[in-house]
Every structure is written in C-alpha cells, then in structure tokens.
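Both complexes shown next keep chain A, but they swap its partner, so chain B is in the first and chain C is in the second.
So, the complex of A and B:
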C-alpha cells in the first residue's frame, strides 16, 4: 500500500471532477466499415482457392495463419469492435481495417513462405560455401569498374538533385506560379517515379546501347538520373509544402518576384532536407548501379554479372563484400555531412 | 496619402471581412487600429498592400490606384509599402544581414538574388537599416539566435531596407514582453518621425496606442466605428468600440514605460 499512497493522494482531489471524454465516433460510419469488412470477406471467399492459407512466416515461425476467410472476417470485426470501444476516430479505424485486408490479401495471393529452403538445401550448399570463401585478390582487379560506378553515382546525384529541386519548386503549391503548373508537374513526377530504376536502365540500354556498344555508363547515368529526379522532386516538394509560411509572406509583402521569394524564403528552409535527400540518393545509386549491371549499364554490376555467369561465386562474394564496405563508407560520410549541416 | 473609398472585402468563403470602409490617412501619420479579435484589423491592413484583395471600392496609395489583379503592379506597390508581422517572419536559418537584404528584392535583379550576390550599395543600405534599429553588430549572426525583440528589429530593418513610404505593422509587439514591446514601439515611432514614413499599426493594447500614435481608428465587425486623434480616444469611446467595459488585459503594464 505504501507504493500507491502518492498516487492515491494525487488522485483524491480529482475524483469528484468529471474529465471530458473523447467524442464518440459516428456509429453509422462504423456500420459502413463493418459492411466493408463483410464485402472484403465475400471477395476473399470468392477468390480463395482450395486449401489456400494466409501465412506471414518469419523464418520458420508462423505468426498468424487464419485457415480460411472466416477467420479474416472475425479478425476484422473484432478489430472494429475494439476501435469503437476505444472511441478511435473513423479514419484511424478505416486504416486498421485496410491494413488487415491488405495483409490478408497480400499473404493469400503471394503465398510467400520460407519453408521451401530446407527442401532445396543440397542445391544451395555448395554455392553458399563459395560465398563464405571470397576471393580477396579479385577486388583489386575490378577497380576500374568501381571508379565507373562511383562516377556514375556522383554525376547522376548532382544533376538529378539540381533538376529535382527545380521540379519540386514547380510541384509544390507553396512555391509554384499557379495550381495548374503544380498539378501538371506533380503528374509528370508520378510518371517518372512509377518506372523503376531497372525499367529506366532497360529503356536507355535499348535506346542508346549498353555495355556491348561501350555506352553502358551513359545509359546507367541516364537511368540513375531519372530515378533520382523522381525521388528528390517528390521528397523536396513535400518538404516545401511544410515550410513556415511567415517568411514567404514577408518576401511577398516586400515586392519580391516568385523566383526571388522561392530562393530567399523557401530554399534556406528546405536546404537541410534537400541535402540529406541528395546524400541518401547517392547511397541508393551506389547500390542500384550494382543491380543495374545485370541489364548492361556498366560499372561494378556488370563485373558481378560476368562472374555470376561463369559460376565464380568466390569473385561474386568478394564484390558483394566490397559493396557492403563502400555503402557503409558512403553512409558514414553522409552522416558526417548531415551532422555538420543541421 | 492612403485613401479608402467604399472599400469592401469579401473572402472567398463568402465572409465579409470589411464593409464600406472610408478612410484617409495622411502622409507621415502614425495611426493605431484597435478593435476586438476578429474585428477586421488585419484585413484592413493587408488590403493596403494587396495581401488581401478588396472586392469593391477604390484604394489609392500615394498616387497609385491599387489594382489587386495585376501581379506586376502589386509588386511595384509592395516595394514601397513595408510590412511587419506579429511573428517576425524571419528566415531563421540565415544571417540577419541576408534577412534584411530580402527587403531589397524589388530593386535587385533576379539573377543576383539567385546567386545571393548583392550590390555593394544594397548591402550598405541594409547596414544602415540595421544601424537605425541598433543591431548592426549582429549582422552576421543567424536570425534564430536573436531574442524576440531583436528579431522584430531585424524585421523593421528589413522594411527600412525597402526605403518605404508606408509601414504596415500587424500586431508587431503582441508576442513580446511589456518592456520589449515598449522599446520596439519607441523604435517604430522614432523611425516614423525621423523619416516621415506613414505608419499603420494594429494593436491589442490601448495604452500602447495612446502613447505612440497620432490617431486611433476603432473597428468592429469589419466596419470603422471610430476615427479620431488620440486625445479623443477616451475609455468611454473605446468601450463603445469594444461594446464591453475595459479590462486589465487591454493595457500593457505601465512599469515598462521608463527605459
């Protein structure tokens, strides 16, 4: 009782006063959500194939495996009931419902499982052994490819950030000349972003030629460039949306042009964010250029692809380890810069 | 001289911010606008530089007829009309000097602003403005590192760098403690007298209005309900404007009046 005495003393004077409770969410909307859950259940019931189960395994531990859509329905309804009881807003409840539905659907459709690995062990083992014994001397022989990769990443980052910044200024309603411009640029941006980096690489290799024509790095830079523009423009324009409007209004009130006020009142506010997006994108580029080698854009990726095709797993392992080291170094470097800047 | 003739402001949502305002503010006058929250003080002040476009009537500032639809004309007008805000509105991450130089925008080519490469005479003007508010030694400090009163002085220097004919101030001292509020008001008053700049200030505090202004304008529900010299703005008159009796909140503590 000694431990609770202070709590009791504090609670005592408040016992009489009634504290306001969170507002009760609309029951009608909750009914609608329940209807949505039932609808989803019907859809799942229709599309379910016999014996299909939802598996979300982590390693060999199955976290949650409802055996058929009825369990999913029960989970959804229980979640809704809990949300209603806890007076959680309808938007949040909808979010929870959507999360359950998505994970149910995704799990049921993909049938993702790690359970197959042990069955294929005999196949995996020798390759794994080669990976565990990397050929260290090989790292040095591909230094030219590393240089190409890094210069591709640098050029793509610099140019991509510059273009991304300009696009972001036109995309955010805060800094763009008018609503029409901002919506158009946003749409263009979505298109750029919807094509993955490998997609861009394939496109540019097809248009201007890949490693075979000695143009691999060119295609790689262009692919990374598009990839970077998409990311930087998106993140920066969202940062611009959230700037303090005060200085912007002050610049307007002093008769600055749109360009001047974007430069003087918005750019300084978004600069730290913008620089860290640039560093992040640089890191992504180093990693992406390893993957892009597969489609023939030059750099360390193509060296890795070559060794993989020759079943030289010791060399592949050496490259992968070097990649980890380089990415870690880049990460440390960008962390250092960010600390200096913020 | 600023003239309002039958000015109406209707906000996009249909709310009537100003109705039928007629005013004539003379060159070099120091005018305080008082009124309860929501009376339309900010609306009135923002109409002058077009931050809030008026919807009918005629507004002239100096010899210019204000046209809220022409962006280029508005920019030219704004270059001659400086504005000071309650929350200072500085770019806190950059230096005091760069904040003051924002006031030179209208006279600076865009490419110079983009590069941040200002002419020597613009910098000199910025330094002179900082000198006038007594913080020239802080020129290369980050604006964020200054106190509230100092930040508001930077904002005043930014306006002075515009070499304005009119200064609009929307509750310039409402976020400051009483002694600092008096200091900033004294700065504004001194600048108005030294340079003959027409100054319009929104106020919450009656005693500030009475000690620093030449003329008081009272507003209620978007209308001007009192307009006269400070001497006529007695407690009874202001109670008429507010439609309630005065309280302690209507005045800043008097203790601050001495330096």
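So, the complex of A and C:
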C-alpha cells in the first residue's frame, strides 16, 4: 500500500503536466446521428417547396441536388464533426442536431428570407417617418378609451388574482385537501393557460357580443380574467409548493382545520410573492388590452386599430407613445410597491 | 374582586394584586397596528369599485353567459366528437397544419430574439458594461417591452416582409415576435449575468484575461444553462403570442381562429381549440423536460435525489430541489415573461 502510494506521489508531477481531457464519445452513436442527419435531409428534400437546384459539375457528369436541403445537410454534418472534435457527449450532440433540424423546418415553414427587404423598404419608410412625427394633440382625445383600458385591467387583475389564489391553494399538493383535487385543478389550469388570450377574447366576444353590441369591456374583462387566472394560479401554486413546512406542521399539530392552516400558515408566506405576481399581471393586462382591441373588446386597442385601418400613423404613434409611458409608469409603480413589500 | 383591577396589565389574567409592579416584560406583546393594512384594503376596494364603474360593464350580459356557454359548448363538443369523415378530417389536418405553422413562427421568432438577446443581455448587465451603455440599453429594452408585438407586426413587419412566399405573412409574424422577444429575453439574461458567481471572474482577471476572454471562460459557462432555459420559456410564450398576430393576418393558428369565429362555425371552433390545447401542452411538456435536463443535468433521477414534483406543466420547480440554487429565471421574472 505504502509503496504504491509513494510511487503515485512520485509520478504525480509528470502526470500533472498532462491536462485531463474528456473521454472520447462513442463513434458509433455519432455515426447513427449522421445517419439521422441524412434521413432528415431526405425528408427535407421530399417536403421542400422551392425548386432551387444546386449543380455540382464533376467534369464527366453534372450532379444536381436541391439547394436548401443540401445546405441543411452540410450544416448538420459540420455541426456533428465539430461536436465530435470537441468531445461533446452524444446527448448534447443530439440536442444540437435536433436544434438544427427544428430551425430548418421552422425556417422552411415560414419561408424565411431576408432578401426581399431592400425592395420593400420603400413601403416601410413613410410609416417609420410618421412614427417619428407623432400627432401630439391626439394623445388627449382618447382619454375615455384609456379609462376603459385601465379599468378593465384593474378589474381583471383583482378578480383574477382572487380566483387564482383559491385555485392555487387547491392546485398545490401542500395546501389542497387531497392529491386528486390537486391533479385535477392542475390539469384544468394547464388547459386554461394553453388557450391564448386572443382565443379567450374571441370566445367571449362570440358568447356575449363585442363592441358592436356595446358589450366590449365585459368580454375583454372576462378574457383577461381567464388569462390572469392561468398565470397567477400557476405561479402561486409553485410558490406554495416551496413554502417553509415549519408553520404548516405547527398548524397541523395544534389541530387546525385545512382552511385555518392555509389561512394562517401558508397565506402569510406566499403573500409577498402573490402581490408581486398581481402587479406583473396588471402590467401584462395593459399591454394585452392594446392587442385585444383587434378582436373588438374595447379600450385603447380599439382606438389604435381604428387609426391603423385609416392609415393615420401619426395618431397611432401618439397612442403608442402614451402606451409606452403608461407601461413604464406601471412598471415603476410595481417596482416601488414590491420594494416596500419584500 | 368586584372592582376592576386597575393595576393589572393588559395581558394579566390574575385578579389578585401582583406581588411586583408590572413592567413591559410581563405584558403580552402588543398587537401590531392593522391601520395601514386596512387603509390599503380600503384603497383597493375603492379602486375596484371605480374601475367597475369606469369600464362601463354590462352585468346583464353575465346573466346570459352560463346559458350561452352551455349552448355553444355543446356545439363545440359535437364538432370535436363527430365521426371524422372526409370533411371533418380535412378540418383536423387544416387545424394541425396551422398550429404547426404557429410553432414554426414562434421558433423562428425565438431564434431571432435569441440572436440579439445575448449581446444585449451582456450590455444590460451592470457588472459587464459601463454605466452609460447600461442605462441606454436598459431604456431601449423597456421601450421594446412596452410595445405590443402587434404593433411591430402591423407597422413594420407586414409591409417589410409582405405576406411572404408561403402566403399568410408567417415571416412577418415571426420577425415581429423576434423583435418583441428581444426586450424580455435581454432583461432576463442580464439578470442571470448579474447573478453570476464572482470567483471565476476574479480568477480570470487575475490570470490576465481581457474582457472577451473573461466572458467566454468565466461568464458563459455559468449562465449558458439558464440562458437556454430562458430561451425555451420565451418559445412557449411566443407560441401563445403568435395566435394574436395570426388574427391580423400574420400566419398561423390565429388566422384560422379568426376565420372560424367570423363564420361562427362552432364545430370547427371546437376542433381548432382542441388542437391549440393539445399542441401547446405537448410543446410545454417537451420544453419543460429539456429545460429540466439543461438546468439539472441528465442524471438527476438516478442519484437518489428527492422525487420531482413537477408532473404536468409546472416546468422545473427548482424550489423543491435543495441542491439547485440557481433558478433559471426567478419566478417573478417568469411572470414578466408572460408565463
């Protein structure tokens, strides 16, 4: 034992000059990944829509190949070679490959190209000029719409936070009566969250009627409400998951019912986080209500869409500047409140 | 006994005269004033009532709401569960195609945002950039965050990219999402950079590295997992956001959604909603799995750590894991990112 350890110690200075290297990844798996890349190349070739062709003159015969898939294949193989050279593990190499494939597919689906920008620039220039020269006198004329937007955001935030808190209490396994309830509420919540806010707005406009029927704000509030419930319930239930178990155990030991325990042991712990989520949601609501105007739920978004459809970009720019100022103010206000609370 | 004992403190339960004069230590702690809390609640209540009246809501509409939800819900369910003959199968494939286009839009948008967000994140991190640069970049980022995606889409991207070769303006939507992603992504990344451990920074500076080498060897290895997680978060957000752009004619599921709602075809609305829910939840699952793997490493479940609670959609819940101290994005930032 002793002799070997001294031998090791004597060998150590020589060994220290050789820097440790990561183990060489399995070449077979890398070959499989290359095969995957070729497979993806064939798929890209089959589904490609553009007819660009790459001609490869070899002297005696001219090979042709589809341009974009070949570029994709080359990129994939080069990436694999670099990963192999850098001795990156096979899982990470697979991740890189999947990333390239996904990007290729997405780029092909949306028809990604930047070549059309120069010829289309003339369309954009007058709009940009108009945005740089806003119609300042217009800002004050839409104050009623602003009132509606902010009121919608306030109501949706307060009601949404209240419902979201209750749902979060049922969704977190720490505070819910049993595991079944928690799983069910979590599933319901992820369904609520997966429908985008504009989807909710379209639904409620269809259910109860939009601006045309004088019902715009109601539909908008309901849409924002669902949007808020999803976010607040998810974030708050994650906060409840991470709550300090001491007070909960103390409440249990002293014979508290579930409601008493949640009220006295959990709520005070999650309250600061909950309030800060509420403030963030309020900010999101103001921004979202500008977007929801297009589907007819009233507020500043409707005014903005009206001006956009009339191509009066000076007025749009005025509304936009007011929007930026309001969002920044809300941001600062919520930062102030959070600093006071936390 | 009949006369109240004036000498007893507020917390004293004994009716006999205490042997010693009471001092502050004998009393029960004074209940803290709830005045500020009550005033705050009162203010919230007043604001709420003012907002309710200010929004001009029609509560009569709420009375009809349950009935119409049931009525239209039945129509939608009938549409989803009807036998898939050729037409209905066509609806399903159309919906899936549009939804996959939305996913592609979100992916391209996230890539564009990610490309710009990393350098901007470094410029907006207080420990990496000089004060004037920091202030200017921060301000530009908050302006970008304040402008809704829809404005980028209408004002700049649709005229700039047109409705694209594929039709439907998918590229314009993707670029709009990309530009508006820059704001949130850069902010979250800059916060991750500000939270790096200072040790590697100091040691790289001590061994004579310049700024670029320090970023490459001391900062990037620390923040890269978080940055990838942040990008994936934004991808999930962008999938939802691309629906908004679609309503304007910028491609994806939103265009289909607004068409079917315009025609009030409730069976197709049901199908489109089911497709949205299924694909969104699926992408969330995959993204949550990758985020989990990137942040926690691959061998988490095998090394006897405590079982993970994030089962359906919760994403990584680093709060549960005592060994993980770096949350990919603090929860409140996740809220800011729209999750």
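In this text, the second predicted complex is superposed on the first by the 225 of 342 C-alpha atoms of A that agree within 3 Å, B and C clash if a C-alpha of one lies under 4 Å from a C-alpha of the other, contacts with A are read in each partner's own complex, and residues count from 1 in each chain.
The rule is simple: contacts are C-beta pairs under 8 Å (C-beta built on N, C-alpha and C of every residue); 3 or more make two chains touch, one makes a residue touch a chain.
Keep in mind it's a predicted model, so treat the numbers as computed, not measured.
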Inset, instruction - May I ask you to decide whether A:261 touches chain B, chain C, both, or neither, giving the answer as first, second, both or neither? - result: first
Legend entry - Touched partner set for A:246, first chain B, second chain C, both or neither: first
Inset, instruction - On the superposed three-chain arrangement, identify whether chain B or chain C touches more chain A residues. - result: C
Inset, instruction - Scan A:74 for contacts with chain B and chain C and give back first, second, both or neither. - result: neither
Inset, instruction - Considering only the touch criterion stated at the top, classify A:152 as touching first (chain B), second (chain C), both, or neither. - result: second
Inset, instruction - For A:329, decide between first (touching chain B), second (touching chain C), both and neither. - result: neither
Legend entry - First, second, both or neither for A:271, with chain B first and chain C second: first
Inset, instruction - Please work out whether A:91 is in contact with chain B alone, chain C alone, both, or neither, and reply first, second, both or neither. - result: second
Legend entry - Shared contact residues on chain A - chain B and chain C: none
Legend entry - chain A - residues contacting chain C, complex: 49-50, 91, 95, 102-103, 105-107, 109-113, 116-117, 120-121, 123-124, 127-128, 131, 147-148, 150-152, 154-155, 158, 173, 183, 186-187, 189-191, 193-199, 202, 205-209, 214-215, 217-218, 221-222, 231, 234-235, 237-239, 241-242, 273, 276-277, 280-281, 283-284, 287-288, 290-291, 294-295, 304, 308, 313, 316, 320, 323-324, 327-328, 331, 338
Inset, instruction - Mind listing the chain C positions that touch chain A in their complex? - result: 44, 47-48, 50-59, 61-62, 64-65, 68-69, 72, 100-101, 103-105, 107-108, 111, 142-143, 145-151, 154-156, 159-162, 164-166, 170-171, 173-174, 240-241, 243-244, 247-248, 251, 254, 257-258, 261, 264, 269, 273, 276-277, 280-281, 284, 290, 298, 309, 311-314, 317, 319-320, 331-332, 334-336, 338-339
Legend entry - chain B residues within the chain A interface of the complex: 49, 51, 75-83, 85, 87-91, 93-94, 98, 102-103, 105-106, 108, 110, 113-114, 116, 155, 158-159, 162
Legend entry - In the complex with chain B, residue positions of chain A that touch it: 246-247, 249-257, 259-261, 263-265, 268-269, 271-272
